[in-house]
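Just so it is clear, A, B and C label the chains in written order, and each chain counts residues from 1 on its own.
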Amino acid sequence: MKKFIKCNDLIDFELCVNQIIDSKKNPTKEVYNKEGKVLGLIFFNPSLRTRLSVQKAAINLGMRIICMNIKDEGWQLEFDDNVIMNGDKAEHVREAAKVISTYCDIIGIRSFANLSNKKSDLEDNVINSFVKHSTVPIINLESAISHPLQSLADAITIKEMSKVKKPKIVLSWAPHPKPLPHAVANSFIEMCTLCNFDLTIANPLGYDLDKKITKGYEIIHQQNDAFKNADFIYAKNWSSFDDYGKVNLCDNSWTIDENKMSLTNEAYFMHCLPVRRNMIVTDSVLESNCNITIEQASNRVHGTQFILNELLKNEN
Amino acid sequence: MKKFIKCNDLIDFELCVNQIIDSKKNPTKEVYNKEGKVLGLIFFNPSLRTRLSVQKAAINLGMRIICMNIKDEGWQLEFDDNVIMNGDKAEHVREAAKVISTYCDIIGIRSFANLSNKKSDLEDNVINSFVKHSTVPIINLESAISHPLQSLADAITIKEMSKVKKPKIVLSWAPHPKPLPHAVANSFIEMCTLCNFDLTIANPLGYDLDKKITKGYEIIHQQNDAFKNADFIYAKNWSSFDDYGKVNLCDNSWTIDENKMSLTNEAYFMHCLPVRRNMIVTDSVLESNCNITIEQASNRVHGTQFILNELLKNEN
Amino acid sequence: MKKFIKCNDLIDFELCVNQIIDSKKNPTKEVYNKEGKVLGLIFFNPSLRTRLSVQKAAINLGMRIICMNIKDEGWQLEFDDNVIMNGDKAEHVREAAKVISTYCDIIGIRSFANLSNKKSDLEDNVINSFVKHSTVPIINLESAISHPLQSLADAITIKEMSKVKKPKIVLSWAPHPKPLPHAVANSFIEMCTLCNFDLTIANPLGYDLDKKITKGYEIIHQQNDAFKNADFIYAKNWSSFDDYGKVNLCDNSWTIDENKMSLTNEAYFMHCLPVRRNMIVTDSVLESNCNITIEQASNRVHGTQFILNELLKNEN
């Protein structure tokens, strides 16, 4: 594997999920000895779970880590070609990616959607520029349109926690005060496809996601209808895709509470975190036993450890 | 030991100080092999000595470190319960503490007093929220009202340097241009109590510390009187406790100089650093042999190493 | 060796360059086992290559690293003596350097020229204050007037890549939108002197560098004349030295393009990076085979590894 940018960069995603679940039961540390290997982490945006879980995964493998907030600690990067660089951007990604490649065995990149340039976001310009110009594997720490490490952890969590063979999973939009990217929702849907999960999407009118990604799935605009018989509720906010990056309503009737959860088949509540309490979901749901968000966060380590190991195999 | 938030979290503080002094003479590295253990460091505020000495201590133990400036690199945290999170705070400590606990074996927290909300500061709200919601031990890297790692290093230094059996120690207020928290002074007094030291407190009128902490100690409002026969002068600024967080005078007559030091029994000069030269203390005192501030800073490593080791014992 | 502030801190610079080139061919990891040694990195300014390559070099040696952006993560430092510290600067370098020395085995300092106080810059005040007050070796990660780790990598690159015994090297000024320090150019010239390289300097009128450094070298004010028969073109911008820190022209006629490169003896193109594309040099030159800037960046690791090892020898 040369990169992990989207879920389907894993040749058999579901098989990998099953392998990770097995290896959690039977940890074999011997195969994970990657001493001397260096993971470079380049952050264009804030991060808590990803920043920490990726480091923990690398530590588990015996790797060393070099971590960098590139805009503040390094230079602003230019991603466009054929420009006269006489502004604020001091370095071109063509140089930066090659240079970082000489120091690191794997490069992790976190760069959110800017939500202003739809074309550039859809091309996933920042991370793909690193893929193009680096000479070592790139791992996606959340890009403009994908967050596959989150979805991998979500897949592990669903498979581990499900009480039924083919659970009904509902991806539900929920309100948030600020415009958010589509990366988590996109990758969650892609993951459900790769795992052949039974997915329903619920969101208000005007908040349908990219049709290329939701193709084949039912989109329901009445949250209560969607929740019926659900085994997993996966909450997430995203801004409008059609009216790109805009928040045209902040509809608190979509906040997930105990009443709505009672419509489900005693569903587990999932969220990628950070979660806005009493906006996305009420305190009472989060303080109940149905909340498995911490399990999701914990599985970030196991998923990332697997991916780092796969990416390093390439090299040896 | 489940946490180190205040000096008295150590069951027998003075015995521990003596053990640390012994282990400095006879370092036995074997018992300190904590490879694979991860120390998470979460900074809400700047830090030089603490940031570096805690990392050095963890390195000595063979631990790995994940360091994070949470406000800039992660998310602003909400600490209040039952709030609708529709403002700038993206994550609740209830989630953050649990999540960080899944990645780290010990979590260090630095969060200064804000000096505007006395009740919240006195409850040591930030660090105690982490204690409450985390599932791994918490170590205090300076909280609103306590800085026990500093006081532990101070105790080591006093015991190592004292020329007499029961030295007279003076904690003296000294001027500073900005309002400062009470944490270092509080913990110093608590440490003196636990070590049964002979302590005198000197500060201007209006600058008495929390009476719950100073109870039983003489507070002198004439600096010169306090300095007589002192063996250790511990200088520190703090803002008013009664007129909470205010600086009602910046009385340069309290600056510690050679004349004042000459009133003492050839006392050593101590300060937690950073120190404002020619505000807190003159250059000439700092450049003289009585200055043992670097010894204090150096002992931070030995104290922290002991505490990290104690906190990890719990786990095994 | 007690410090590496300028190229001539190495007793025999050229011999060291040859040794590094040899050790790249025959890596002997055994002699480089510096486990438990701590490298402290103190950044006053942004850095990408230096930040990453120094960490990679330390990792190769088995060292541990503590990295700090001192202004944001620690305290603003005072470097002047005999001042009343009642402003924004909370700590004096006299304390900071001694304290950091107690935690680290080597301290790296990056502090650019401020380009406003010529005297202070020429004295290389920040890094020399650390040299004066620290008790462990100091390594220069680029100071006001020197960047010897860059020049060491440049020397390795030139020696490795040169097709002739005594190549003609041209250090050419090139345009840039902002005022830049002289450190890279200064150290490059000093390195050429120590390696006995055939150096020509090309810059516009008004941009002559410090005469103490350029003494003995031809300075040509017509770029085309300088480029004739060159084997290496080393591009770099710097602000005026005489009209200190000013940019009195932004002469795009000095941008290096394929036409100018065609005047040379099929010269290699070198730059310390980050490079402003189509200001310093055109895309077409950078995308051609003559570009060896990535080799320079890669050699940063080998040079730094050698220097760290030399600095640690002192200690043992």
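To be clear about the criterion, contacts are C-beta pairs under 8 Å (C-beta built on N, C-alpha and C of every residue); 3 or more make two chains touch, one makes a residue touch a chain.
Computed from a predicted model, the values in this text were never measured in an experiment.
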Topology of the chain contact graph, where touching chains are joined (line, ring, star, complete, other): complete
Is the contact between chain B and chain C built from the same residue numbers on each copy (over half shared) or from different ones (under half shared)? different
Taking the mean of the C-alpha atoms as each chain's centre, how many Å separate chain B from chain C? 39
Identify all positions of chain A at which a residue touches two or more other chains, and write them in rising order. 72
Under the touch definition given earlier, write down the residues of chain B that touch chain C in their complex. 43, 46-49, 51-53, 55-56, 59-60, 69, 72, 177, 273-279, 283, 286, 293-294, 297-298, 301
Using the touch definition up top, name the residues of chain A that touch chain C in the complex. 36, 38, 40, 64, 66, 68, 70, 72-75, 78, 81-87, 90-92, 94-96, 98-100, 102-104
